Structure formats: structure tokens, C-alpha cells
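Both of the next two complexes hold chain A, though its partner changes from chain B to chain C.
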Partner chain A sequence: MKQSVLDAPVRKNLIFVLPGLLLYSAFVLGPILAAIYLSFTEWNGIARPDFIGFSNYLSLLTDSNFVTALKNNALLMVFYCLLPLFIGMAFASIVRSLKGREQMAIRTLLFMPYIMPSAVLGIVWHWLYNPAFGPINQILKSVGLGAIALPWLGDFNFALPSVGMVATWYYCGFCMVIFLTGLQRLDPSIFEAARADGAGAAYTFRRITLPLLLPEIRIVLLLTIIASIKSFDLIFTMTRGGPANSTLVPNIYMYQLGFQLNRYGYAAAVAIVGAILIFTVNYIVHRFVRPADGGSR
Partner chain B sequence: MAAIAPDAIKRQSFRLVMWLFTLLTIVPFALLLLTSLKSKQDLFRGAFALPAYPHFENYVSAWVDGHFGTYFWNSIIVVVPVVTCSIVLGLLTGFAFAFLSFPFKRSIFVILTIGMMVPTEAFIIPLYYEMRYLGLLNSYAAMILPQIAMSLPFATLFMAATMQQLPKDVMEAALLDGASRGLILRRVIVPLLKPAISSLGLFLFIWTWNEFLIPLILVNDDAFRTMPLGMLFFQGRYTVNTPVLTAGAVLVIAPIIVVYLIFQRKFIEGLTAGASK
Partner chain C sequence: MGHLKLQAVTKTFGNVEVIRATDLTIEEGEFVVFVGPSGCGKSTMLRMIAGLEEISSGTIAIDGRVVNDIAPVERGIAMVFQSYALYPHMTVFENIAFPLRVAKLAKGEVDQRVRRAAELLKLSDRLEYKPGELSGGQRQRVAIGRAIVREPSVFLFDEPLSNLDAALRSEMRVELSRLHASLGNTMIYVTHDQIEAMTMATKIVVLRAGRVEQVGSPLELFHKPANRFVAGFIGNPTMNFIAAEGISSSAEGATVRLSTGLELKLPVNGSIESGEALELGIRPDDLVLGGADAQIEMTPEVVERLGNQSVVHGITKTDQPLCAVIGGDRPISPGRPTRLGFDVAKAHLFRNDGTALERRVDLQSLVAD
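Let's look at the complex of A and B:
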């Protein structure tokens, strides 16, 4: 690295780095390392942690609750990643043809859920879904669809999709905005050339738009997959993992194990597996979803 | 009558569908606002039925009886120091990463980026025991200190990246004039970085205001709860009183909507650009 004119002896430089790094080490790095250590122990939060090696991780393999949590998480990815990806892309291609103010208005409104506290949105949707007096079922009944006015969050089969739809609603606008920026980055002359060559809309989309949007697709996949693994707030406020574990995800399971059952070592192992999953996804997406020319990093 | 081109019809129908979906997206917020102005009796007349007159007293009950007044001030007490300290620390560490040499610079950089990816859930258990050991459970510090530490990686990388784009000769000139590095940072770099600093401030505000897990685990005294947490416990207490519950929800999200609508261009561009790094 080239030396900057502002550089000085290390001793004098440390004053700039140390305050931030100390705070970071104390409240993020330290706890992360401690969590890794705890995941190799059995600890009830009171006595000394007992070091038990990989036992926690081995138990996780046969823990039916944890397997359920992972399965639910995989299903949730449909709602966190795939639906927002497709809907966002479709929206972006429509919104692109709209002019200035109108485009701006739609963009602003669709993006709005993304900046809200997801915990509060969970509570709001909990009310919207309420079987007795929630607006969703009220509307269904008023248009004669009372038969499908289900107890959405209380139904073993519908709880997960109901929570998932909220996530889709939350991420759609965000994906749309990313794809819109991506589309605006592309050179319009490519599309004119394609049309001049007689390419149909579907063909143009599959062969030109989609490959050129790969960087944006990568970002969207990365962020939404990570968000689905991290999901806690929405589920905690809507269902707490129920009914009968039908919406249990690793982070909710971690919370139950740790803060309700006092199995802190085991809970830490669940949390660490979650973090490892995030790093794996990050690696896979960076490694395999890349433009054909390999130009982007 | 002139025939309308089928292409135009198609475009207009797409546009209509788009607006339909957009309205669908904000219907929950509209319902929230509408319901917060109803009386309990009004609720039975349908979700979209207007109340005879707006019941603003729901907001008074949420603010006073629902303790949202306390939650609101708690949120402010947490957000203000988090945003200011994170910006100051981000400037200092970012300055160091952009211009200074110090040992293990590379490794520290990697450790900071890792910290940006690890979810809070992964280290909340040790953090809880650390706070308990320090005697900080149920205090503002329990929310403020970890939040600053969690904001530090993003603030640092963001500030360092923008500082590296500054013209070098400005700083060289200041240095030749005999200014110290602290002075250059304060008087030369910070004014040039104003747009980036205000974006950073906006993100930090939103992230801190919306934080749920930290106050959920580290605070269980109602007197310290921030708005999202207050909302959760309010729901537990008053689950039947929907108008007051929705009034509370409006109180939590109103500040964000106001800030968002004022700075929406900055928000959308910043968050999507930040995401694409």
C-alpha cells in the first residue's frame, strides 16, 4: 500500500484505531469467540461450563427439532428469496417504462416496508391475520369467501406460508429497487439492436436482460438468503415458532434453548451453525453466481 | 374513432397492475392509521369503514397508559449517542484505514468484515453474561455500547471508502500549512464528507431505532424499553384494545416514515449502493 502524506509513526497512529477497536473487541469480537467456546461446552448459565468437545454439534445432527428448524428455513427461502426475486424483477421491468415522478412515487412506496422495524411489522401482521377480528378475514367474509377465512397463524399448514408472505411483502420493493438500478445501468442500444434483429420479448429477456443483471441477482440472492437464515424478529413476534414447531427456525430454537431452557452451550452451537451457514452461502453465491465473462469480482 | 395501438393498451394495463400492487403494499399502513382513529365499537363495522369522527384519544392512551411516551424517550436516549459515537469512531477508524499504517491492518480489516456478517443472534448469549457481569443489564448502556460496537465495522468501511476518494492535494496543502492530523480530519475531511456522513447517520438511526434482539435480551425493565420492545409487551397486555395497539404502532413507525419521506432519495440510493458492495 502506498504511504499517505498523513501517515506518521505507528505510536501516533494508534490513537485513531484503538477506541473503535477496543469497543468492537469488547462487545462483538469477544462475545463471538466466547460463543464459539461455549458451543463446545455444556452450560446451564450458573455452574462452570463443562468442555464436551463436539458433542453439541453431534447431537444437533439427530435433534429432530433442529432438523425441523432447518427444513422450515429452507421453505422460508422460497418466500424470502425466490418470490421477491421474481416479483421484484417483474416489477422493475414494468416500472422502468414509467416516467420520472410516477416512477419515483412507486419506488418510494414499494421500498417503504424495508426500512420499518420488522418486529413491529410482525405485530401488525399478527393483528391483520387475527382469525376473529383481523382485517384479512373480515375482508374475506365480506366478499363471501368466509370458507377460506382461516386462523392463518394458528394453522399448522398455513402458519409458515403466512409468515413467509410477510417476508415477501417486506423484500419485494427492495429487490425491485435493486433491479431497477441494474436495468438503468444497461445500455439501451443493446435492446434496440435485439429488436432490430427480430428478437422477441421473452428471448430478449432470457438471453440479454437476465445475464446482464447477474450482478444484481447475486446481491439480491446474497442479502435475502442471509436474511432468511437470520430471521428472528418477524417470526418471534408473529408465531414464536409455533404452532407445533411449524415455523421454528434456528434462531428461534437458539432463543428457546438458551433463554428458556438454560441450555446455553447447546444454544451456542445452534447459533454458530447459523453463522457458518451464512458464511457458506456467502462463499457459494460469490463463487458460483458470476457473470459469464468472469469480469466482476 | 382512432384505434388505440395494442401496444399502448398493454402498457397501460401493466401500469394499472403496478399501481394496484403498490397500493396493496401500503394497505397495511393505511389500515393501521385508519384503525388507530376508531373507537372499539367502530371496529365491528368492517376494516375499511370510516369512524364517525377521529378518536385521537387512542394516541393519548397509547402515549400515557401504554407507556409509549416512555418508550419513545428511551428510543431517543439510545439512538442519539449510538449515532453520534458511531459516526465519530467510524471517522477515526476509517481515517486510519484510509491513510495510516498500523500493525495487522489487513487482519483487522478482515475481522471487521466478518463482524459485519455474523448475526447478533450468534453472540447474544455471551453478550448477555458479559453485561450481567458488568452489572449493566437493564440500563441504557446495555443497549448503547453493543449497538455502537455492531455499527463500527460498517461505519469504518464506509468512511474509509469515501475518504480514499478525496483529492489528495487538499490534504497535502493543509499539511503544508502546518495543520495537525486531528485538525485536518475535523476541518478538511469532515466538511468534504458531509453527504456521506449524513447517509451514515440515517442508516445508523434506522438500524438502532429498529433493533429488537439487543433490548429484548438485555433489558427487561419496562422503564428502559425502546419502542419496538414496548410494542411487543404492550401487545401482550392489551391484546383486545386494537385501536390503542394500532395507535402505538403508528407512534413507532411515524418517525421513520417522516425521516424516510424527507430523505427517501438518499435512503434508497444509499441502501442499494451499500448493498452492492
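Let's look at the complex of A and C:
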């Protein structure tokens, strides 16, 4: 049999993957390793880094700002993960029942926010939320609801939900598309069988649709959880973590520590904790949200 | 229980009339098969009976009750789908129990009914398995089990065997016939496979382009097809059609002249006119090698040897394609002209519009002991 060039020994074939490997090492693996190293040091970005062991991590445990950032992030997960998941599923059910051009139009409209850079959306929403001349408050005032025309991004209680709602709006179209493909994957006759057996819409959703969409739910959870822990640009362009740290999240805190306070070692520790957090939450999702259709015995 | 009556039932999708006004009565305990080519409306008809598709006009009555606006679950029907429609995340037990859980039956009752159905369908040792772990035949039996536990008056089957291989299909055909014999319920079965229709049905409904072409017993459809379409659709290989011209008709039958020049007197009812364009139909199995009442010369082109029989495809002198099924031990080879004969009593005669002149066949004598 004729041998392919790829049948050569591994060390010879290494040359084919070397360019990619070099780029990966330079721009991904190297910075990761550097960040891990930096997290064990105290470094102002100019002088030589001083190795301080786990001091940065220990300090994080008692850092009230970091705890606030984690709490805010936990709350943001509701807006990044749960709301888009439920709204996306509802949208998918509605859009699936539409036909032809109507379906395509609605699907495109709902998905459109996702194709925009989130930093741009942050700037647009910052303007929409503007207390003085932003359209949201203008509309509220014009319909007689001026009393609730708040300074949304300036209010300590409402800033985080306001930013979160933008994230929900941004991700629900994406979730809808994932669920739509999931629904299209399912054999329509199982829903007809359920109907013929007398199952109502709610019962069918609970006993059939939901369990069969678990693979999509898992994907959505994984991606939105990663997005929520990585969240930076939307918050940076809308509130920069304010007012009074009410929208502070680990990534914003890391930015402030590194690029404003020149505490690169401490900032790296925040980044590493964020990465560990992503791995942990994703492991939990992987472990507990499993496809329900069973494998081999 | 299980009497069904369709009166002037139609179905339109937009401007397309997929089911034309149909009247059909199905008696209690019958095994009725809807058969026809793809797109003839047989599945739509079944879905309308099930209540999964609304009817455009007419009435459907089950056991004397008009069910046009009644939900599927309240019609007293249970349906088995082509793709089995099993819930992949549920065990066999839960799949079969699903309609009973929907109906909120007591746990003990659910358990009892599911185990009874599983025993009947030889699934007792598979109750804790999931559909993905079962063979095609077992999945099909689970789907049937889910229908059985509801104790419906009418079972509806939508091409349930089409996803199975040939051997399993023939096994399941026998199992379904046994099931019908043991349950005694009315069963309506959709298929495009005429072998399934002929072997299982007590009554066959042949459909074409949304219209019922003929309703009758398998033997009636085979021996007395109402028209050329039914004659061609029922029977494998399909019937040979040879152009003919009417000469005269009398009490003994109709005299015609074939395109090959042969003159024949066929024992059929109805009169024909001299010069009327007709078609003679003869089934490949009714052609024999050598002498008989009527003879046609054919040059075999392809001989398919099946062992016990050979299927011969060839052409006549007038370039008329012809197919014959002869004994597997008879000498025949491609390219060598062969004389085939047939008994005129077995021939069919069709008018130009496709309608058949009724053959004089006593169907009772065909099924008598």
C-alpha cells in the first residue's frame, strides 16, 4: 500500500504542526504560564518581580473588593445564563412554530445583537440608559412614568441589573438559535405521539422537550457561564465597575489592579482564580447536566 | 367497538386537494390497509382519523360519534408511527407507561397494564432498557406496546415496518397478524408495500392522488381489479398490458384482437364496441412456457433466476415489453425467442379510460376449503 507523507515518524511530522504550535506557545501557553508565575510574585511592571508564594491568593480571601466582584459576578450569572436560557427556549418554541420567511425574519432579528461587538453595544446602551436624554427615560416620561425614570447606570441598586439586562438581550438570541437547532434535531413524531397520548403542552415540555434538550442546555450553560466570568467589555464601556463597585466583576478588578494600580502580580492572581472558577463551574455543569437519552448499557 | 365511518371527507393544503371526497366504512375488528404510491394521501388519511390533521370538510365518526372536533386522545385511537416515536430518554417501561401516566392512572394499574403488554410483546426482560439499546424490531414492539396499554378501539399504524430489514419485516408481519387475531381490535394500517397489504389485510383501500380507487379484500383486488391502476399496483411483478382492439361482445364474453394480431374471446361482463381501443392485462405468473389458450412469442432480454422460479423480462415481436414468471427449472435464456401461453380466463380487459370489464371469477371458490 502506498504510504502517505503523514505515515512518517511523529518527529518528522512535527514540522507540520510546528508553526501552529509556536504561535500557540507565544500567544496562549506562554501568557498562561507567565500569568501563573506572576500570580506568585509582587510586580509593578517595571522592577524585577519578587516571588512571594501564595501571599496574593491569601490576600484575595480577605479582599472585600474581590468578594464584592465575585458576588456581583454570581448575580450577573442570572442575567448572562439563566434568563437567556429561559427566554431563548421560549423564543425557540415560538420561532419554530413560524414558517418560511416569517421564521427567518424573526430569527435574524433576535440573533442580530449577537453579531455586534459587545463593546459597541455597551456604548449604545450607555446612551440609551442616559438619565437626561436617553430614549428609555424619555419614553418613560412621555407615558407618564417619569417617577421611575431613574439614572439606571448611576443608581447603586439598579446599575448591575441594568448592565445584566443588556447581557440578557445580547445572549438570548444566541441561546434561541442553539435551542432551535436542538428542537429541529428532535423527531417531530415524538411530539405527535405525545399529543395522541393526550399530553398537554406543559406536560410535553416538562417530560419530553426539556430532557431531550439537555445537550443544548449544557452547551448554553457552558458558554454563557464562561462569558459571564469573562465579562469585561460590556461593563467597562457602560459603568467601569461603578458606581461604588456595584458593577465590579473580577475582570474589571483585575484591569484596575494591573493597569491602574500597577499591581500585576495581584491582578494575575485574580485572573487565575477566575480561570479556576470557570473550570470548576464548567465541571459541575458537565457532571450534573447530562444528556438524558442514555448510552449503551 | 371500533366501527369507523368517513363521509365526504376532504383535505386541502392551500389550493391543493390532497384528499378528495372520500366515503369509507370500516367494520369492527377489521384489519384495513391503506395502500398506494408515495404522495397518494394514505398517511394524511390516517392522520385525519387520528386527529393529528384537521379535515377540510366531511365527517369522521368512530363508534357512531362524530370526532371531527375531538382531540386525538378522546377518539379512542392509538397510533404507531413510522419512526416508532419512542421517547429516547425513557426506559421501555416508561415509554409504554407514558399514556397511562398522562391519564393519571394509579401506579398499580399502570404497572399491571405495562407488564401485561410487555408479556404479550415479549418485552418483559427489556423493560429497564432505553430505546437506543434495542433492535429495530424491539423498538417497534415498544411502540405497539404503548398503543396497546391504552386499550383503544382503533389501532392506527403508519408504515410501521418500513424501517426494518426484509427478514425482520416479514417476521413482524406475522406478529402483527397474530396480535390482531388475539386482540380483535380494528386496525388501520398504512403502507406502500403491497405485500404487507396482501398478507395482513382483511380489507384493502387502494389510493391514488387522494382518491380511493378500490376497496375490497386482497383476493378481490388481485382477481377483480376495478381499473388498470389497481391491476398494475397489486401483484408483483406488475401486470403486463397489451394493446387490443374490440371486435364484438356476446353472452360468452368479449372478443378482442391483440396488437400481436392474436384474436381472443375473454370471459368478462360488459359490452365493448367494434374498434374500441382496449388493453389486455395478464399477470406474469399466469404466463406459461409453451401451449395454452393463447400464445405470444417473446424474446427474453433478462432472466432473473430466483431458484424456485425465474422472472423473464423481454419483448414481443411488436416491441411490447412483457414479463413472465416461470418455473425455476424451465429452460429459458436471453436472446432465444420463446413461445408463452396463457389461459384467457385469467386475462383482464380494460377500457381506454382505465376501467376494467369485470372478470367472471368466483372469489368464494378461491378461498373455499
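In this section, the second predicted complex is superposed on the first by the 282 of 297 C-alpha atoms of A that agree within 3 Å, B and C clash if a C-alpha of one lies under 4 Å from a C-alpha of the other, contacts with A are read in each partner's own complex, and residues count from 1 in each chain.
The rule is short, and it goes like this: a contact is a pair of C-beta atoms (placed from the backbone, for glycine too) under 8 Å apart; a residue touches a chain by one contact, two chains touch by 3 or more.
All values reported here derive from a predicted model rather than from experimental measurement.
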Discussion item. Contacts for A:198 in the overlay, against chain B (first) and chain C (second): which applies, first, second, both or neither?
Written reply: second
Worksheet item: Is A:146 touching the first partner chain B, the second partner chain C, both, or neither of them?
Response: neither
Worksheet item: Which partner, once the models are overlaid, touches more of chain A's residues, chain C or chain B?
Response: B
Discussion item. Contact-wise, after the overlay, does A:128 reach chain B, chain C, both or neither (first, second, both, neither)?
Written reply: first
Practice prompt. Over in the complex, which chain A residues touch chain B? Could you list them?
Written response: 1, 3-8, 10, 13-14, 16-17, 19-21, 23-24, 26-32, 34-35, 38, 45, 91, 94-95, 97-98, 106-121, 123-128, 133, 135, 138-139, 142, 169, 172-174, 177-178, 181, 215-216, 219, 223, 226, 229-230, 232-233, 236-237, 251, 254-255, 258-259, 264, 267-268, 271-272, 274-275, 278-279, 282
Worksheet item: Contact residues on chain C for chain A in the complex?
Response: 50-52, 71-74, 77-79, 81-83, 85-89, 98-99, 102-103, 129-130, 132-133, 146, 150
Worksheet item: In their shared complex, at which residues does chain A touch chain C?
Response: 187, 189-190, 192-199, 203, 207-208, 211-212, 292-297
Discussion item. Help me check something: in the complex, which residues belonging to chain B touch chain A?
Written reply: 11, 14-15, 17-19, 21-22, 25-26, 28-29, 31-32, 35, 43, 46-48, 89-90, 92-93, 95-96, 98-103, 108, 111-112, 115, 117-119, 121-127, 129-130, 145-146, 148-150, 152-153, 156, 168, 171-172, 175, 181, 184, 206, 209-213, 216-217, 227-229, 231-232, 235, 242, 245-246, 249, 252-253, 256-257, 260-261, 264, 267-268, 271-272, 275-276
